[in-house]
Amino acid sequence: MSEFPEHDPKDHCLDESLKEPTDSLIVHATARGIAPFILLIGLYVFFHGHYSPGGGFQGGVLLAVGFLLLRLSLGVRLSQIVMPHRLTLRASAIGALLFVAVGLSAVIMGGNFLDYHLLPIPGLAPEYLRYFGILLVEVGVTVTVTFTLVAIYDELLGC
Amino acid sequence: MKALRYIVLVAFFGVLMTAVVKLPPRGDVSSPVHRRTNAAGTPVAGTYYIQNAYKDAKTPNMVTVILGDYRSLDTLGETIVVLIGGIACFYILNVRRRKP
Amino acid sequence: MDWMIEFTLFLILLTAALLTLGVRDLLVAVVTLNVFSFITAAIMVSLGAVDVAFTEAVVGAGAVGLLSIVAIRRTSRRSQD
Amino acid sequence: MTSDMVYTTPIPFLAIMVSLIAVPLILLSRNRPNLREGWTLAAALVKFALILYLLPAALQGRIAEFTIIEIARGIDLQLRVDPMGIFFALVASSLWILTSFYSIGYVRGAHEKKQTRYFASFAVCLSATIGIAFSANLLTFLIFYEILSLATYPLVVHKESDEAYRSGRMYLVYALTAGVILIAAVGWTYLLAGSADFVPGGLLAGIIEDPGIARALFIMFMVGVGVKAGIMPLHSWLPRAMVAPTPVSALLHAVAVVKSGVFGVIRIVGFVFGPDTMQAFDLNLILAVFAGATIILASLIALRQDNLKALLAYSTVGHLSYIVLGMALLSPDGFLGGIMHLANHATMKITLFFCAGAIYVNLHKTEISELDGIGRTMPWTMSMFAIGALGLAGVPPINGFVSKLFLCLGALQADQLIMLGILLVSGLLNAAYFFPIIYRAFLRKGDSNAARFKEASLSMVVPICIVGVLSVLLGFFPNLFFHFYDLAAAAVDGITGITSDNVLAGTLP
Amino acid sequence: MIGAEAPVFIPLAFLVSAMLALLLGVISRPLAYVTAIVGSAAALFFSVRGLQAVLADGPISYHLAGWMPPLGIELYLDPLAGFFCVLLSGITLLVMVYGRHSVQHETPRKEVPFYSLAMFLVGGLSGMVMTGDLFNLYVFLEIGALSGYGLVAIGDKRAPVSAFRYLTLGTLGAAFFLLGVAFIFISTGTLNMADIARVLLVSQPTTPIMLGMALIVVGVGLKMALFPMHAWLPDAYTHASSTATALIAPIGTKVAAYILLRVLFFMADPEYVRHDIHLTDVVGYLGAVGIIWASVMAITQKEMKRMLAYSSVAQVGYIALGIGLASPLGFIGAVLHVINHAFMKACLFLVSGSFRLRLGHSSIPKLDHGVGRVLPWTSAAFSIAAISMIGLPPTAGFFSKWYLALGSIEQSNWVFVAVLLISSLMNAVYFFRILERMYLKPRSASDDGKEAEMPQQAAPANNEAPGSMLVPTLVLAAGVLVLGIMNAWGISHIIEPMIPEGL
Amino acid sequence: MLEFIEGYYAYIFLALLFTIGLYGMMVKRNLMKKILGMSMVQISTIMFWLVSAFKEGAGVTVLNERIGVDNPDLYFNPLPHTLMLTAIVVAVITLGVSFALAIAIYREYQTLDEPSLLERMK
């Protein structure tokens, strides 16, 4: 990673080297090998946020880093199959909308915005409604963070 | 001009120092932030969260409860900030490539 | 004497900060910033803010590292000061 | 003032709005000159009728009021038709009719461009002037005063020559500077008195105790209104503004703008400070010194002018200060004379400007030295010019004599012999700068080419004759048609608290 | 019902429409425009309902997630905030309607992210107006700021550079703000503004609190471009696209000014701010210096947008001056000027956008009287707004200056009076320069057309801006007049009840 | 003296770090350096909050069954932690946007150094 050639400034789009799968066997192997684990850790961090440090944002960043490692190793073109960059921003908007929707459903049930104990899930005590409310909200956060970070990476890379 | 900048920096540091040494020292348990009620008699949020987070949401990690429930509007804002960052990058950088 | 470890970490932190601003090679600067982030995370752990430390570690090493390297790759490595 | 003397009626508001409503109509009919000027005339006539309708009640001592809206906290945008206000409104609106007729002749004769803009601005100016006349408080006054400043600007730069731009800019600089100083003065007054209403006898009477504050405030006010009133160090925009078309000069210098300034002086001396406060802090001396100096200096400068309109401008500067001097005397007759001169000077000076315009349109002459023998070419015009000139010099029986007489009596009443001297000397100076013109026009022989009879168009000559004759008639019968004398006397009553009977017994000729 | 929920629905209407614009923009680009308009209209509706409710029943305190204020976040809607939201959403609606042609013309192919960012910007600002929690304020501040950086970055060639400067200074401002909040939080133990006010009343002011207030003032001052901290503003406004400028200029800095008012007079005790730490004096004199300096700069500018940008700095100075007076009249003047200036500047920037669309430039030396002919209505709107900027009655601008002048005279602060008067004249210099060109300067030697004699031959064709651009401009111009005439109503119903007790 | 150092060194170092970041923003002329300085300013502010949350002898903010919640002094104050999570996110995103701007500038002017940038902008 450390040796970047000074590239031609007129080349506005991405470097060809990142478009195709990487030549370096080490990068290829480590990145492709580690990426699934990072994704898994990301999911763990997200779901375990209620009991230990972690939560939506951290999980989201880890997931994004996992996808970005795939981008690095597979090259931009191939990794589109895993995560097409046309979708990223829209998916993150959907994540934020999910957050708002959770909040608004409480309003519809007659409470204040984001008041989880009024969520329309039957058969749960208010404390557990809050528990799941937080979880739902964190899903939204995770989706947004994951996809946005990938989107920012894509944009910075210029493809 | 350059000298002026350094003067500003040093002066700023000096001003910060005068106030910083009047703060409650690091780790002071009796700092206003850690009390149960503040000077005006209203409950201090941090202490309330410690004592009631589990009761209110059955979640042991207090930070998660605060993030997701007590101060969820901040988290919504945070999410939106993230989204805005993505859109802004898209807006700034996504131009049609000029043909050489 | 926990605080003495933290004190030392702070000293390293400041050194890293000055180094980051001082070097002329931006790639080195960015990598130093990652080091800076890690020390920050360590201090945060020492201050008991594990959640924040975790976030800072993930963000500083993962997100910011990747983004800044890409940014430098798209621009220039060299800096005049 | 008892409450049964006050009644509410929207007529003053309508009188203001008439010409404003005419503005869009004028703009819309820009391609049909006859219709456009029809609107102007209709608005002028309706406005005059509305004001005339208010006259009988005002003569009975009843005061019409109309509150439009609360324009700022504690201050209403309020109109009040007191004798002083209706006096000025009558002068302005009656002369607007004549100016409109004359303008039509003038702009068509001189092929002025942008006639639509010209008539529209004119209408706005008149609205603002009537607004100034009917203002019930300082803020209302200020608002209309600023509108007047703005609306006059397009008229000043009408010629669109470089000189016109320079004059326009100078006018704006003077007017806006004065405007902002006036804002500060009004604000200060409001804070001191807790109100901004014009009160006969003085809003600030008994409120100010510190002479420093009184003087500072008074000077701010005088700078504010003094620019339009042409008091001497602030007058220099006025001769420069002569590049405007002549009817504009007539309106500016005889009716709307300068008289608004003088009217402001009257309002401030009589209704804001009041004679007692003026006396107590020697404010009248400040005013008298400047006014006296202006009268003499302006006359002296006028003596050296060759351009007819410049001469008239300096003459205007001098005569405005007559009115200001009348205020500064603080004696009942002084007030009376000053207020009367407001109307009298208007008729005379508008005559002179109309004549100058007629000469320009007809013969394209602007310099006095070119006027040899013109009396034979344009007999009607020049006769009227002579009447106006003699009136300004104070020759009886023209109305200028009446007001000057009252001013002199006022000076005697106030024991200001220096002022009396100034008035007399300036009368002589007036004669000195007008006589050469009359001499050239009637007694010298011009070049044969111009000697043929060639009077200006009818729509110009008729208004000239009307104002000229009016000047003479008002000299004989100050109360003719509009009861100017009664109104002025009633206004003086309000200011000084002396009933008109006392004044009448002592001084009526 | 809707009135009581208004505090949260107003920002949500903007934010949700921003997200929806992003999603619906996929289907077709014009849909993003429609979404933005619907979102602003909804926000306007909620604002009006909220204002009605507030005027009828008193302030609404909306507890997010149902937690009581010191524990949870509070959105606080009082008459002033309600009116501000109406203003905000109204201007946004107008600018959005206006944006259709201008955005297509100036930032082609980027409509979707543009409308999305614009909605986010206003959502953040409306949240700032209502929030009662200092940290939440920071979050909304960053929402507004980040979308602002994005919006400013696209325009002409230099736009990214100016946006970069805006970003660094804006982020620095936010950091100062956050540090100041930290000082106050550590000293008082609470983040709720009303709660802080209560604590500050009973406790002795300490150095950290003083520094905290000062840092907040510096941070907010950077956002509102208070005099020595305005470096980002002229470039940012000049190089951004017209619609973006028209959206940011009227409300961006104004909301920051509003926050300054809130923090200085509602969160802290005015007496304390004025006498113990002289913060208001500093703000006031900075404002006074800024007015004069920025007016001088504005006079020297040749590009209309840049001139308007400098004039914005000067107008922010007026607001700061009103804050510096720290008296009821100063408060009225400052708030009124915030409102008035929003209308005037929006109108002026919209006009400059129309010029760019129809004339292809907005450079002052190139204007001639053809402009008054080609764009008669736009020029008329410009004239009204310009006259208001100068401060001539009966336009809105006069009345804010009137109250500011009253306040200055009341305190015998003749420096401020002189600054107000002189700056009015300077405003006149730079606006009359344009007016004169627009209406009077002949197009060329041949075209001195005698209008009445030969109508429409020499005169250039009337090529007025499209209706979607013209109508908002005219509405704003009319608003300037209405605000001027109706100001007493607004003051007695909205501003006066809000004057904090200590003033 | 040692007590004073123990109580205040964190604040003092952070004030110093803030100033260093400010130095980077004000004095350094490379845009990327300015961004790095900006990042330091943000981090120092965030740490400032965290120091205020520290309590001597307390534990992490996850409920510990053995400790219970009767004595709040046994947990760090979770409020600043939460707030700073948000602040960190904001800082990262700001960083991302500033990188994007830097790239846009570089694309237009082929430099990130302020002196040559100003020269090329003329």
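Note that the chains take the letters A, B, C, D, E and F in the order they are written out, and that residue 1 is the start of every chain.
Note that in this section a residue touches a chain if its C-beta (ideal position, glycine included) is under 8 Å from a C-beta of that chain, and two chains touch if they have at least 3 such contacts.
Note that the structure is predicted; figures quoted are calculated from it, not measured.
Take away chain E in thought and the touching chains that remain sort into A, B, C, F | D.
Listing every chain that touches chain D and chain E alike gives an empty result.
Using the mean of the Cα atoms as each chain's centre, the chain most removed from chain B is D. Using mean Cα coordinates as chain centres, the one most removed from chain A is D. By number of C-beta pairs in contact, A-C leads over the other of A-E and A-C. If you average the Cα atoms of chain E and of chain F, the two centres end up 30 Å apart.
Measuring from the averaged C-alpha position of chain C to that of chain E gives a distance of 38 Å. Mean C-alpha position of chain C lies 10 Å from that of chain F.
Looking at chain E, one finds that residues 15, 19, 22, 64-65, 135, 139, 142, 146, 149-150, 153, 160, 163, 185-186 touch two or more other chains. Listed for chain F are residues 6, 9-10, 16, 18, 22-23, 51-55, 58, 60-62, 80-83, 85-86, 89-90, 93-94, 96-97, 99-104, 106, each touching two or more other chains. Here chain E touches chain A in the complex through residues 5, 8, 12, 15-16, 19-20, 22-23, 26, 62-66, going by the rule given at the top.
Those residues of chain A that touch chain E in the shared complex are 89-90, 93-94, 96-97, 100, 104, 107, 111-117. Across the complex, chain A meets chain F through its residues 9, 12, 51-53, 57, 145, 152, 155-156, 158. Here chain C touches chain F in the complex through residues 3, 6-7, 10, 13-14, 17-18, 20-21, 26, 29-30, 33, 36-37, 40, 43-44, 47-52, 55-56, 59, 63-64, 67-68, 70-72, 74-76, 79-81, going by the rule given at the top. The touching residues of chain B, when paired with chain E in their complex, are 15-16, 18-20, 22-24, 31-35, 38-40, 42-46, 48-49, 69-74, 77-78, 80-81, 83-85, 87-88, 90-92, 94, 96.
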